[in-house]
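Paired with chain B in one complex and with chain C in the other, chain A is shared by the two complexes that follow.
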Partner chain A sequence: MAKVLLVDDAAFMRMRCAKLLQEEGHEVIEAANGREAVDVYLAQKPDAVLMDITMPEMDGLEALREIRARDAGAKVAMLTAMGQQSIVIEAIKSGAKDFVVKPFERERVLAAVAKLVG
Partner chain B sequence: MTLQFDATESDLQLFLEEAAEQLRTLSDGLLRMERDDSDPLLIQAVFRAAHTLKGSSATIGHTNMAALTHAMESVLDRIRQGSLPVTTPIVDTLLQCVDALNVLNEEVNTLVPSGLAVDDLIRGLHGAAAAPAPEVQEEAAPVAVVATGAVEVIVAIDTSSEWPAVRAYQALMELAALGTVVASWPSEDELQKGESGHWLRVHLQTDRPAAALHGAAGSVSEVVSVTVTHPDASQVRQGTPDPEQTPDPDRRRVDLGTAARGASPDDQLAIAGQKLSTAQRMVKVDIARLDELMNLVGELVIDRGRLLQVLRELSARSGNDGALEHLSEITQHLSRVSDDLQEQVMLSRLLPVESVFNRFPRMVRDLAKKSQKSIRFVMEGEQTGLDRSVIDEIGDPLLHLLRNAVDHGVEPADERRGAGKHPEATLLLSARHEENYIVIEVTDDGRGINHQKIRESAVRKGLLSAEAATRMTDEEAINLIFAPGFSTAEQVTDVSGRGVGMDIVRTNIEKIGGTVRVHTAAGEGTTFSIKLPLTLAIIRALLVRVGEAIFTVPLAAVQETMRVRTDSIHTVHRREVVLVRGQALPLVRLADVFSRSGRKVQCDTPDWCYIVVVRSGRTDLGLVVDALIGEQEVVIKSLGGVLGEVDGVAGATILGDGRVSMIVDVAKVVEKLAARAAA
Partner chain C sequence: MQVELINVFIKAAMDVLRSETGEEPSAGSIKVLSSAQTSEEVTVMIGVTGDVRGMVLLGMSERTAKGIVSRMMGEPCPLFDELAQSGIAEMGNVITGLATQGLEQAGYGAVISPPALVAGGPGIIISTVNIRRFVVPLHCGVGDLVLHAALELAPATSQHGHSNGRAVVAPGVFGI
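Now for the complex of A and B:
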């Protein structure tokens, strides 16, 4: 089972997503914006990152680039909403491995994490 | 006599599925082109539909269909090139051709010849295009000459993928890392713009083994198959691409055939599997059986909740215990299985209302043309899911309402101009979710319903006395249109034409547990609002505690939850609000809503409170509660005769410990707050 960093500014989304990851036996650490995500990532070195895109302080794309710049092996999947297709293409160019569209299905999230750490 | 086509039964099934899609694209696209001929992507899509249909009908040997689509393609090509303007006669002719194609397509389904001749239509197309149509040349397709040492990789993406283009882009990047991309369809540029079907075809110069390519492209989520082919050497030498080799992701069937030819036996198996899954074998199921299934799942969900509760109690009593742990595992597995089961049953009953809405644009266009009115028809929320049983029943009432709107609601252009309105009327058909209801509305901006004329007409028909008619409020008078025996709407608007008894419309809607209401304003228009219950009996919900009681808030309405200091709640104009991200969020104490007055909210810590932010329509509202308990699937039970209608309560549910919890009707609570604010 993996240590997953969950980044989203909406506490409710974090609650739902953390719950389903924990049910699957994953350890979940959380961050509420991109800036926090970079700090937590460097301090705790999670196995995988699930990253929201639209966030205050530092957005998901910038955080992704920052994390990948400091750890080229970082495994990040984007949590995205409809209409952000072009941003996701940017994220993939910047090294994101996968994406999950909100509102997400449980299986999609779990499969994305399994793929990141597998 | 039966028809013979050059394809297996499952191939024909696939042909029919795709043809249905292309016919829809043609029909919808032509209607949109008639309104706006400046969108090259739209014209391209319509052209492509005709082109693809031509290709596949020729492949199965349906000569009539191929000839007709070929002629349509010629006309569409000239429109695409800008050498032929989109005029109503041309659209009319093309639409007639689409009607004929539907008939011809049905031949494939039934194998019974329709006797339809296409010669006249083809002549009509040439005539409509005025100038003789130039001989259509095969599209100058990118020449697929494959360089020596290159392989062709075909990647199929799950049809349920939200963004196949991004997945295809990911796969392309993975492949590009293992060699040099000679060409790809769609191209990298097209993919970045989000243009893609569910297929990617790549010519890749690489020295890596096929297994490596399989692995790389297959590592992308939602990729369902990867086929690596070494192109036929003879073709490379000749340098002339086989027409069937023309890379065109729409020509799925042909693509597969070509791919299979050079593929290894394993790959061929994978391709066959792909074909089968796309062809999707259908089974007809009695709705009564689906109902029964839904009931059984409901019972299962309740039992699961109770099982979890017992488990919690047991573990609290006896601590860690091997057998208990085992039981916990089994229960978790059971939870997952019942989750999936429930979802599948629900999904099997849901259809997007699109399947009913689809036929209306064409109908409205034709009706408007016949009555010489200019009408802009707009549809919204076509993707809203509706229970299968409801879908079957809603088509006719909607058809009648739309027809009435065109015939009687909307004024002729002259009259509209005289009234200072835009000469083109707008007719809106919309569907949306509202709590446990689906609301479908038909709105026109026509002349509105004249309540005085309705009174007079009702009296004349002997439905009620003149005295009673005068005593009625205007609203009551307007509702007379739903009375049995009120017959047609002719008398209301003095416009001749067919009118459909509105009582039949109402009866049909009430039969499926819905309601219909009418709002009208003289000179401004009329809205018929149909409210249908979701017969889906299970929802996801957030359980909250208020005092001793546990309330259930449908998760669909929940935006977020938060914990705030009680001293951050302010009173503005005698209403409680809290600031959230700089915005004042109005608060409602759940305790007050259900008149459990006389007690203060008791949060777990006196200085803190929980707020559940809910939304109805465009209004956000914070529900103040004592504590959040958690998220759970609940089975809605009607309060029925036990309590009657309770304001703000949408129903009840049975919790794991057997207690009853009220389900909060968020829309009602928001409505009440708005009413209080207005007072």
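Now for the complex of A and C:
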């Protein structure tokens, strides 16, 4: 069981992911854009982060870099509709540990969290 | 804009509808429009920038939107409230995001804006002004949708600009 920060601008997606993570016994905290994600991360130090990319205010790749700059041990997986290879490579180079493309399967999301906290 | 690139969007829409609703969708024939178009009751709008640029619209009735959200949640969706609107907008985001993978495979880099949702139609004009619009009806067990792709290739300069190496979210002019 882990404390997971779920970052997505779509409230529906946060609700859906939170439900499946909570069913597995994880504690879920949320942020609706990259800027908020950085603030919530620093304030709450979650064990793992699931990060969307396409978001207003600050996108997920920038938030990933900011979080990793402040905490080199931050464990972040991208969870996004943007599955282009160039973006996967950019995310991995920026420190993402995993990359899950939407539409996602429940097991794939749980596996990503298990990998982050394992 | 070649029809092959429009097919990338049709395939993405079919893949996402199949995965989210559990129904096998089908696509009708492609029409080309250049005029302003009255919207359906609900329209998701997503901006595309990069080597391919313009806008993708996904229109449907409110009943279809609620039917899709209900399948996505695995429970009834009696009201088209903020959460349901977020769900249908996100489906548009996932379709367009998936299409950008197909565009990348065809050699075109593109990024998308966060989705915006227009409800309260029909009767609202959503014009894509000077970009030709490809319109494709999509049929699905939960209802019918219309995919509009008003897209064009960017001038050659940006094709040499490696926009596909950059993952910057398009300016939030359409943001919600």
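Just so we're on the same page, the second predicted complex is superposed on the first by the 116 of 118 C-alpha atoms of A that agree within 3 Å, B and C clash if a C-alpha of one lies under 4 Å from a C-alpha of the other, contacts with A are read in each partner's own complex, and residues count from 1 in each chain.
In this section, contacts are C-beta pairs under 8 Å (C-beta built on N, C-alpha and C of every residue); 3 or more make two chains touch, one makes a residue touch a chain.
Not measured: the values here are computed from a predicted model.
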Partner chain(s) touched by A:L61 [first = chain B, second = chain C, both, neither]: second
First, second, both or neither for A:A81, with chain B first and chain C second: second
Chain B versus chain C as contact partner of A:K102, first or second or both or neither: second
Which of chain B and chain C A:A11 touches, first, second, both or neither: both
Contacts of A:V49 with chain B and chain C, given as first, second, both or neither: neither
Shared chain A contacts, counted only where both chain B and chain C touch the same residue: 10-12, 15-16, 82, 85-86, 101
Contacting residues of chain A [partner chain B, same complex]: 10-12, 15-16, 19, 23, 82, 85-86, 88-89, 92-93, 98-99, 101, 106, 108, 111-112, 115
Parts of chain B lying in touch with chain A, wherever the complex brings them together: 162-163, 165-166, 169-170, 173, 191-192, 194, 219-221, 332, 339, 558-562, 631
Chain C-facing residues of chain A, complex: 9-13, 15-16, 53-57, 59, 61, 80-87, 90-91, 101-103
Contact set on chain C toward chain A in their complex: 16, 19-20, 69, 72-73, 82-84, 86-87, 89-90, 93-94, 96-98, 100-101, 104, 109, 111-114, 164-169, 172, 175-176
